[in-house]
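Next come two complexes, and both contain subunit A; in the first it sits with subunit B, in the second with subunit C.
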Partner chain A sequence: MLHLLLLIGLVAFSILAILIRDLLKSAISLAVASVFLAVLFFEMNAVYAGVFEVSVVAGLITVLFITAIALTRSDVDVVESRSHLIVFPLFFLVLAVIDILVMKRLLGRIPAMVNPESGTFAEVLWNQRTFDLVGQIGVIFAGVLSVLALFRPGEKDPGHESPTGDAALTGRQPRGGSHE
Partner chain B sequence: MNNLWILNMGFAALLIGTGIYCLLTMKNTVKLLIGIEVIAKGVTLALVAGGFARNSLMLAQSLAITVIVVDVAVIATALALIININRHTKSLDVRKLTKLKG
Partner chain C sequence: MIFLFIIVPLVMASLLPLLGKFSKRFLPDLLANATMLFLLVYAVISAKPLIANGGVIQQAFWFGAPLNIRLLLDGFSLFMLFTISLVSFAVTVYSINYMEHYGAKANYYALLLLMIAGMNGLVLASDLFNIYLFLEVAAVASYALVAFGRGHDELEASFKYLMLSAVASAFILLSIAVIFALTGGVSFGTVAHGLETLNVRFVVGFCSGLFLMGFGLKAALVPFHSWLPDAHPSAPAPISAMLSGLLIKVSGVYAMMRVFLNVFGLTPALTTVLAVLGIASIFVGALAALGQNDIKRMLAYSSISQIGYVVLGLGIGTPLGILGGLFHLFNHALFKSLLFLNAGAIEQSTGTRSLDKMGGLARVMPVTAATSAVASLSIAGVPPLNGFWSKLLIIIALVQAKMVLLAVLAVLGSVVTLWYYLVLQHQAFFGKLNEAWKSVKEAPFWMSVSTVLLALLCIVVGLAFPFVIHSWLQPAADILGKGVSVAMGFIGF
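== the complex of A and B ==
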């Protein structure tokens, strides 16, 4: 029963995150959905995935979203069509019906149980998935380098043409500045 | 155990479908990223649920962690792109990104 409630909470907050107009509330709904997913993982004894879900997805990604929302400003709000309030429930209903039909057919084809794994999580991660770890490190470095490239200083920003702002960014004093 | 697996997979499919709806219909770039995030949640849930059902939870967790790490890198890069685009277009509307349009 708890499992079902957690699943319903996860889907409900994910839908809220998509349908709410305010971006900040949307990001917070996404974080709450992540917490629900993490509790689900803990309930399924997937402790490490749960810890990652809470710390990285509910924590780090929410901070990234809120920072991005704070740094961006829109002169005109993006107007999403109001038809979502009618179209989305219909879409979700059709999706749920198809989902139930497919899952009913899958009920007889449960994946075969394998022998219980030997060893700890660290052994499985380091010994079996070594190549994945190398790939993860590569992806992290690629992400860091791309963010650094996108926020490269020194390029003139056409959107902000204020000389004092440029001077503040580059650390140079404007002409006729302070005399000691 | 079997019913739990079906239940988890069903809800994971709902999450992925909801995320795809968001990607197809929303115009706000931040909302599109939220859609990607919802899809990633569905995939992670499906991975861990599969591992739980097959009694190979450790392997499933390591794959889920890989998905989460890749997801973070994608979101960080995409948000940096959105901030840069917003400086130029002063908007978050995806329909205004037409510079490369032929």
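== the complex of A and C ==
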């Protein structure tokens, strides 16, 4: 029952994060959804996953979101859309019906786990999944480089030259011209 | 040591932003090109002998100490490594001139090398979760590269690409989670063995569906293609070439075929689904390309169409079909990269991508026009160029598999391809030279070197296709043709 309540909370706040147009409220909804997920992880004995979920997703990332929003926010009040308020709950309802009708039967067909790759957290991370660490370094590195590349200073945005979106076809500088 | 295919571009990617502080152009150009040349030569000279007796699982070492990293190198992965290195080398050579006016060249090369490291890691992975992880490395780098110009269109296309790609990743991850719950492992051997002993066809079908949606989105197969016509044209030309020439094939086609053929095993139902999606992609892509006025958008739709041929060939699962599919994958990497690079040269020289505004450019850009003609004829399947042989193999394979209707449709698709590429050639290069382009000059030296290299490869591969098939394609096709026995052979590693 507790799991069910946590799952409902998780999905409800996730949907709320998409529904709300006010970025600050949306970020907070996402953080609350993340806390529900973290509690679920703890409940299911995935302690490390729970710790990371709380500290990184609910904590660190939310702080970054709120800082970025606070730095860029204008004073204009955000008008929330009404159509989304109907569409998303309907979508959620359809998904729930599919879930009840199909997923339970499907999960029932999955046999119990056979010889899972197990061990302590450190063993799994450092010894069994070493190659994943290389990939993780790659992903983090790609993220850092993306920020460096996309927020590089001193260039004009060529798209602003043509607000109709025609810039892709006509707004480019010929060779010899410069973006700088 | 095949770990070098991942670690060398990764290390260079970390050094380039630092070195870029001292030398904004020369060092990044030199090091990025040297890295790609090294990987290309290494694939040909050092890695090729390793697959002489089939596949190997090689353990990585770090300063003499063994690491728990086991990489799978067989005919299929080596063929992909070779294709990645070859096209990436042409792209880095082209970037020397093309990326001048974008600025931040060191960061650009760093992201490009990260994307290459991600693709190399993906093709050398020996388990499903590694595939997912390295797919993300390549994908994250590619989002930034699509938006590298930072214009409105670039950012919008990159965001759309990011959103749909995240959906694809979620499908792939969910499928891996279900498989892990089923078999207790994610390595190819454990999964293949587990699925065979469990006999859970229904769940395997469910996971296949998730993988089909996930990898299908990455490969831009119809109906999962909507992101590609925005993302590929908006990126800088060398990145369009990388995305259309390589990324959709590595993170879409390679991953899908490795899982379906070598881990799950191809079933008649899956063959039918792949054949239908392949034919749908051929026609949707080709017909949409016909109506385009933006040259890069036309090429992007053409990629969807050509990926259809690759999936059709590989999906039917016969030895000849697999061979034809792989050959077309290689050929498409060559000529579609070339076409995107040529489109970039035209855009840089004239400032437009609109075919309506071009015309007569062959007089002022003869090298671009000639190489573009070679690529267009190749992709349309005109003999004796490389595209003809690969399409011929696919069509013969379809006839042999008693799929005559699909063979006829594949031929019709090729006719439509010829049609829109003739339109492209006519509107861009032939006819009266537009007054505005009288002072336009040919593409700079390194850009021309890169396009000439790719055009020559299209001709040479077409003329020497038996050699290419024997040395590179047959070992790859053999691996796919062996089915799940390949993964079974690696149990315990």
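Simple rule for what comes next: the second predicted complex is superposed on the first by the 133 of 180 C-alpha atoms of A that agree within 3 Å, B and C clash if a C-alpha of one lies under 4 Å from a C-alpha of the other, contacts with A are read in each partner's own complex, and residues count from 1 in each chain.
Keep this in mind: a residue touches a chain if its C-beta (ideal position, glycine included) is under 8 Å from a C-beta of that chain, and two chains touch if they have at least 3 such contacts.
Treat the numbers as computed from the prediction; the structure is a model and nothing was measured.
K.L.:
In the overlaid three-chain picture, which partner chain does A:F92 touch, first (subunit B) or second (subunit C), both, or neither?
P.N.:
first
K.L.:
Examine A:I18 and indicate which partner it touches, taking first as subunit B and second as subunit C; both and neither are also allowed.
P.N.:
First partner only, subunit B.
K.L.:
Report for A:V57: first if it touches subunit B alone, second if subunit C alone, otherwise both or neither.
P.N.:
first
K.L.:
Which of the two partners, first being subunit B and second being subunit C, lies in contact with A:I100: first, second, both, or neither?
P.N.:
A:I100 sits against subunit B, while subunit C stays out of touch.
K.L.:
For A:Q128 in the superposed arrangement: first (subunit B), second (subunit C), both or neither?
P.N.:
both
K.L.:
On the superposed three-chain arrangement, identify whether subunit B or subunit C touches more subunit A residues.
P.N.:
B
K.L.:
Looking at subunit A, which of its residues have contacts with both subunit B and subunit C?
P.N.:
106, 110-111, 113-117, 128-129, 132, 135-136, 139, 142-143, 146, 150, 157-160
K.L.:
Can you check the complex and tell me which residues of subunit C touch subunit A?
P.N.:
6-7, 10, 13-14, 17, 67-71, 101-104, 107-108, 110-111, 114, 117-118, 121, 125, 129-130, 133-134, 136-137, 140-141, 143-144, 147-155, 178, 180-186, 194, 198, 200, 202-203, 206, 233-234, 293-294, 347-354, 357, 440-441, 444
K.L.:
Flag every residue of subunit B that touches subunit A in the complex, lowest number first.
P.N.:
Interface residues on the subunit B side: 2, 4-11, 13-15, 17-19, 21-22, 25-28, 30-31, 33-35, 37-38, 41, 44-45, 48-66, 68-77, 79-84, 86-88, 90-93.
K.L.:
Across the complex, what residues on subunit A touch subunit C?
P.N.:
106, 109-111, 113-117, 127-132, 134-139, 141-143, 145-146, 148-150, 152, 154-155, 157-160, 163, 165, 167-175, 177-180
K.L.:
Which residues of subunit A touch subunit B in their complex?
P.N.:
Where subunit A meets subunit B, its residues are 3-4, 7, 10-11, 14-15, 17-18, 23, 26-27, 30, 33-34, 37, 40-41, 44-46, 48-49, 52-53, 56-57, 60-61, 64-65, 67-69, 71-76, 78-80, 84, 87-88, 91-92, 95-96, 99-100, 102-103, 106-107, 110-117, 119-121, 124-125, 128-129, 132, 135-136, 139-140, 142-143, 146-147, 150-151, 157-160.
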